[in-house]
Amino acid sequence: MDATKKEHSFIVTSSPHVRSGETTSRIMWTVSLSLLPALLMGFYFFGPKAILVTALSIISAVASEYIFEKISGKKAAISDGSSFLTGLLLGMNLPPSVPFYIPVIGSIVAVVITKQLFGGLGFNIFNPALIGRAFVLISWPRAMTTWMAPTAAFVALDAKTTATPLGILKEEGMGHLMEVFGSKINLYTELLLGHSAGSLGEVSAIALIAGGVFLLVRGYITWHIPFSFLGTVALLAWVFGGKAGLFTGDPIIHLLSGGLMLGAFFMATDYVTSPSVRKGQIIFGIGCGAITMLIRLKGGFPEGVMFAILLMNCFSPLIDRSVTRKPFGAIKVNKEQKK
Amino acid sequence: MTAKDMISIMFNLTVLYLIGGLILAGVYAKTSPIMYQNELKEKQEALKEVMPRADEMIKLGEWAPHHKHAEYFEGVKGAEKLGYVVQGFGKGYSSYINLFVAVDKDFVVRNVKILHHAETPGLGDEIMNESFTDQFKGKTLDHLVVVKRETDKDIQAITGATISSRAVTEGVREGVRMIMEKMSGEVKE
Amino acid sequence: MGLATFKGGIHPPDKKILAANCAIAEAKPPKTVVIPLSQHIGAPCKPLVTIGQEVKKGELIGEPGGFVSSPIHSSVSGKVVALGDFPSATGKMVSSIVIENNFRDEWTTLKDSPDYMGLSADELRGKIKDAGIVGMGGAAFPTNVKLSPPKEKTIDVVLINGAECEPYLTADYRLMLEKPAEIVEGLKILMKVLGVQKGYIGIESNKPDAVARMQEAVKGETGIEVYALEVKYPQGAEKMLIKALLDREVPARGLPMDVGVVVQNVGTSLAVYEAARYGKPLIERVVTVTGEGISTPGNLMVRIGVQISSLIEECGGFKNGVGKVISGGPMMGFAVYSLDVPVTKGTSGILVIPEKDIVHTGDFGPCIRCGRCIDVCPMNLIPSMLSIFSEKGFFEDAREYNLFDCFECGTCAYVCPSKRPIVQLVRLAKSMVKP
Amino acid sequence: MDFGKLFELVIAASVINNFVFTRFLGLCIFFGVTKKMDTAVGMSITFTAVMMISAALSWVVFKYIMIPLDITFLKIIIFIGVVAAFVQSADTIMRKVSPGMYFKLGVYLALITTNCIIIAVPLINAGEGYNFIESLAFGLGSGLGFALALIIMASIREKLELADVPRPFRGLPISFITAALIALAFTGFSGLITL
Amino acid sequence: MIKQRSNWELIKNGIFGENTIFRMAISLCPSIAVTTGIRNAFYMGIAVIFVQVMVNVSVSAIRKIIHPRIRIPIFMLIIAGWVSVIDMTMAAFARPAYKEIGLYIQLIVAFASIFARAEVFASKNKMTSSAMDGLGMGIGFLVALVLIGFFRELLGKGALWGMPIIHSKPMLIMIMPTGGFFAVGFLMAFFNWIDIRFFGGKGASGV
């Protein structure tokens, strides 16, 4: 058999022999890119502090991933961009005024405890960035619930603190919110632009929507989670949101404020920690929406998106397990068996 | 099983119950009065704290804020009526906050003491701090409201713990209102 | 009303243009041919010749080794020079007969029958069997077996599969352009054999001229129709084809005949005609030799048993650095490790991919659960879980996830951003557990 | 005792003050039976049932025997006795009545008496001075909450089977960390209902 | 347990070999519930030592006369009895701590570990060694709790036994449920690592 001794030696791998151009790292970097508008808005409104916080969390996220993989002898895969994205999202989820150790510890918790200890990319149960945020929120609630007021452009560095729109809504009610923002229209525009207190990447609804739509169009995420999430929130806000009784709530405020847009488009959609069968994703989205509104309206926190997503993360293995698909031709088989 | 087993089981049980019973009864006899004393002592001390000048506390009655069992007292020094101490409850962040509020005869708050709470350590539990409770001193009913900015007329919320702050204030306010309604009936001169 | 199709599927760039416009050319006669004794699903053949024996072109040299099996004929006239194991496209060694061509092209006497339509179903089936015809669309399943369904199954449609959904390949396309009438005749024969009134021909709409040709050819025929299909891989998979054209779902693990259908590739249909009309055995087929790695792509009429090496020579040899040589299409074909591999009845194409275009899947990433594979799987499976279970050795669980409904079309692996070798893992799992 | 309050009690007991994630009870079982989904489910069913019934029983005993006799200081002995006796009889009855079910769930009965929730529920009921209905509601809530915890945990651990967790963390440690993260998620419910 | 071991071995076994929490992974609840500070952890440990020792002693004392048929119930009775004793005693004399960990003291009655030792060891051995075994087990438990408590209080309150140590902002999370699970998880992992690294064990503690 001189076949093997031929002048050519060919690559012999199993079919298929052609692959699509899509790669994991390309996905991660594209998602990061689509977050850029919102990030820039954050920088614009909150100035250098915001930049520092974001940079810190990205750097420490990537670094801790690299170090962990070195120590545990895995082949370092920071180039896949997932830890970068985690760091970025964590940064965007923090108040701009937090002390430096918060983004650092948050990132370490996110990447090392939440992701690597569970087996690394693809195996983590919980959304790393959000666990990172929850961890620091519970550890230093004070620092994490003092919000600096948006100071357009890089001027005033001695930023003064205020409450977030949702905070006001919860603690002092609609009336006071109107006092602060003047008219409803004014409020909406401010929320859309992001000229309000909040986490540095969550404030500008319009920029986030732009990014989300971009991802949808390019097929990096599907409509199932974001739409079922947003839809549920809007519905519940309208039905139960109003002080004047049922069906008097204002869905728009709830849609535009807080981390909802960021959560619905970029965090609930995390492939790894959400169900992968589309039917399951709708359940997931509805669950997120319901819990978000439960916490916002009745809970101890003004904002509920983070906890809602984390709670649904707990359930996604269960959902994935119970929502299965019937293979092509399956029903027929059963019929046959009945016969 | 045989009669013999029966007997031995019987024997076992009786002996054990005897010994066990004796020990437990003994311990109970020893400890229960102490427990009782402890509880009494704590209450008395708390009362004394909120109204130091009083040398006697007369229990006037009971009421049920938030369906909880609460009492209220009158503090007297000799013949002089100093004022009242009311036990109140406020619905906090993760627990009901149980407190004493002392008011003088014209229902101005003199003192507030948190008896028990299970708020978040390092956050909600700062309601225990003097800096917070002292705000109540000298306040009258209409100023027992929480605001979230600098104030001297009203009660300023602890940042990051508005809910707990509110709970305490509400507990105090309800107590004061209750005692006013109760007393303004009789204690009118 | 859009084109007929199925749920799932993908649109890989169809590189058909490379060879689409090359008319089918007769490949130059080979010096020797290596004819494997098992080119079909089912039992291998028993050799009927001995070393040194002279054989004529078309002479029977291997007889069926069982019911699901198919005879084998010499594709040249000449002398048997060797009997033994030779490499095959799948990488296995199979016992084959090597015949040295004497270039005289003497045919054995073929029993042709001008009024073949007059023959009875059984006679026709006999001719098809003796001609050693097997499915030329992929799995090379003995056609006569397909044509003898068990009593309880009533067949009412014959489908001719002209989808040719695999990128690059144009063999079926050229046949439809150049031999439409014969293909239709073949279809009519198949219908007669099965006693069926309806015959459909399904062609992907990226071959409009082929559609037109076939439509012409079926003018006046009763019960035969031509349909254009949406361009989507794996439109040609028979289950998908049947779903698309008849909206019938072949039961999981079932066969087309369970829904009253028999699917045959256009090439098969042609072979059936030639067998019925001229009694010509299946000794040659159209092979598309193509790919960016080959100098002058083309469609060749090739004798069964010709070694790939000579085809590649004939097409001007390799260019810009060979990476892979594939027998079949890029989605389902087999990468060969040696050019000695012979063309068989099931070989629809030889594809040469240059080094630079190879996607190296050696160090594939973890599954990021993006769900792309789930969306495209034509069989509605959850490939991600199949691959993970198989990778971690939980084969039983893989079976719970309908492992055995997977027909290894490779659609999932094509889209996977982590470049996971899903099909390979599926095959591994299939080999580790019973269905 | 209006209905809303009962509902709140059940929700609070099951989700907000979830026994496992906020009161740290029943951990042995929690980590013990959540390796496989079916065991978790079996345990959940058995557990919720036992929980409610023993809550009811011990309430009756407490109200009509211990308080009148003023032997509340024996509550530990008596409650454990009640629970143990009930579980024992349940065991025997099940074995007689439906051996099939016993085969499925019997094993868990054995485990239950060495689980602190089962004794915690009567103690808490007694401490909080709940009335009969409330005690039932509390038992039910606790049971459901525990079932929820078990099932979530089982589904997660089955998924973790496939992950390559660093060696020292395999088994219990990673399970504890998982529990930690679930507990973290559950703090989202804190402040929702205050009892 | 059958082969006789010296008292010292028995105690060592309780602390390391069969450490209730880190090795056997039973009686886990208190390891999280009462470890927000070493003070509570310590009191809990003491209570458990007391109960374990007394139970072992009494069981071994009556092991000869006890009738097999009622062994289990009797054991439970004994455990419950001793638990009540320590419960009332602490309620009376250690009120501040008791207010916080009272429920868990009472729950000792359900600890698998106590019953297991009585059943597996005390009912087969003579009083002294039973006492030692109980002591070992108890101490092992106490050590584990205090260790966990140490980290949680230090990180979570920046204090030890209520005394402030660190004056920067503490990590509240450590004294919350989450922190408890974290602490135990990481300590277990740490001991597994030691086991793997230095004793060539296979780690994977308990379950």
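Chains: A, B, C, D and E, in written order; residue numbering restarts at 1 for each.
We adopt the following convention: a contact is a pair of C-beta atoms (placed from the backbone, for glycine too) under 8 Å apart; a residue touches a chain by one contact, two chains touch by 3 or more.
This structure is a prediction, so every number in the text was calculated from the model and none was measured.
K.L.:
Which chains lie in contact with each of chain B and chain D?
P.N.:
A, E
K.L.:
Could you see whether A-D or C-D has the larger number of C-beta contact pairs?
P.N.:
A-D
K.L.:
Using C-alpha centroids, which chain lies at the maximum separation from chain A?
P.N.:
C
K.L.:
Could you pull out the chain whose C-alpha mean position is farthest off from that of chain B?
P.N.:
Farthest by centroid: C.
K.L.:
Give the identifier of the chain nearest to the protein's overall CA centre, each chain being represented by its own CA mean.
P.N.:
A
K.L.:
Can you work out the whole-Å distance between the CA centroids of chain A and chain B?
P.N.:
44
K.L.:
So, what's the distance in Å between the C-alpha centres of chain E and chain B?
P.N.:
One centre to the other, that is 34 Å.
K.L.:
For chain A versus chain C, what separation do you get between their C-alpha means, in angstrom?
P.N.:
47
K.L.:
Using mean CA coordinates as chain centres, what's the gap between chain C and chain E in Å?
P.N.:
About 70 Å, centre to centre.
K.L.:
Which positions in chain C are in touch with at least two other chains?
P.N.:
Touching at least two other chains: none.
K.L.:
If you look at chain E, which of its residues touch at least two other chains?
P.N.:
As it turns out, chain E has residues touching two or more other chains at 77, 81, 84, 88, 172-173, 176, 178.
K.L.:
I need the residues of chain B touching at least two other chains; which ones are they?
P.N.:
24, 28, 32, 93-94, 120, 122-123, 163
K.L.:
Which pairs of chains touch one another in this structure?
P.N.:
A-B, A-C, A-D, A-E, B-D, B-E, C-D, D-E
K.L.:
Residue numbers of chain C touching chain A in their complex, please.
P.N.:
Listed in rising order, the residues of chain C that touch chain A are 10, 12, 87, 91, 93, 167, 239, 243, 249-254, 258-259, 318, 322-326, 328, 330-340, 351, 353, 358-359, 361, 363, 365-372, 374-375, 378-382, 384, 401-402, 405, 408, 410-411, 413-419, 421, 423-424, 427.
K.L.:
What part of chain D is in contact with chain A in the complex they form?
P.N.:
Its residues touching chain A are 37, 151-152, 155-156, 158-160, 162-166, 169, 174, 177-178, 181-182, 184-193.
K.L.:
List the residues on chain E that touch chain D in their complex, please.
P.N.:
Checking each residue of chain E against chain D gives 25-33, 73, 76-77, 79-81, 83-84, 87-88, 103, 106-107, 109-112, 115, 173, 176-182, 184-186, 188-190, 192-193, 196, 203-207.
K.L.:
Please give the residue numbers of chain C that touch chain D in the complex, ascending.
P.N.:
Within the complex, chain C contacts chain D at residues 388-389, 392, 394.
K.L.:
Residue numbers of chain D touching chain E in their complex, please.
P.N.:
21-28, 31-32, 35, 73-74, 76-77, 80-81, 84, 113-116, 118-120, 123-124, 127, 167-177, 179-181, 183-184, 186-187
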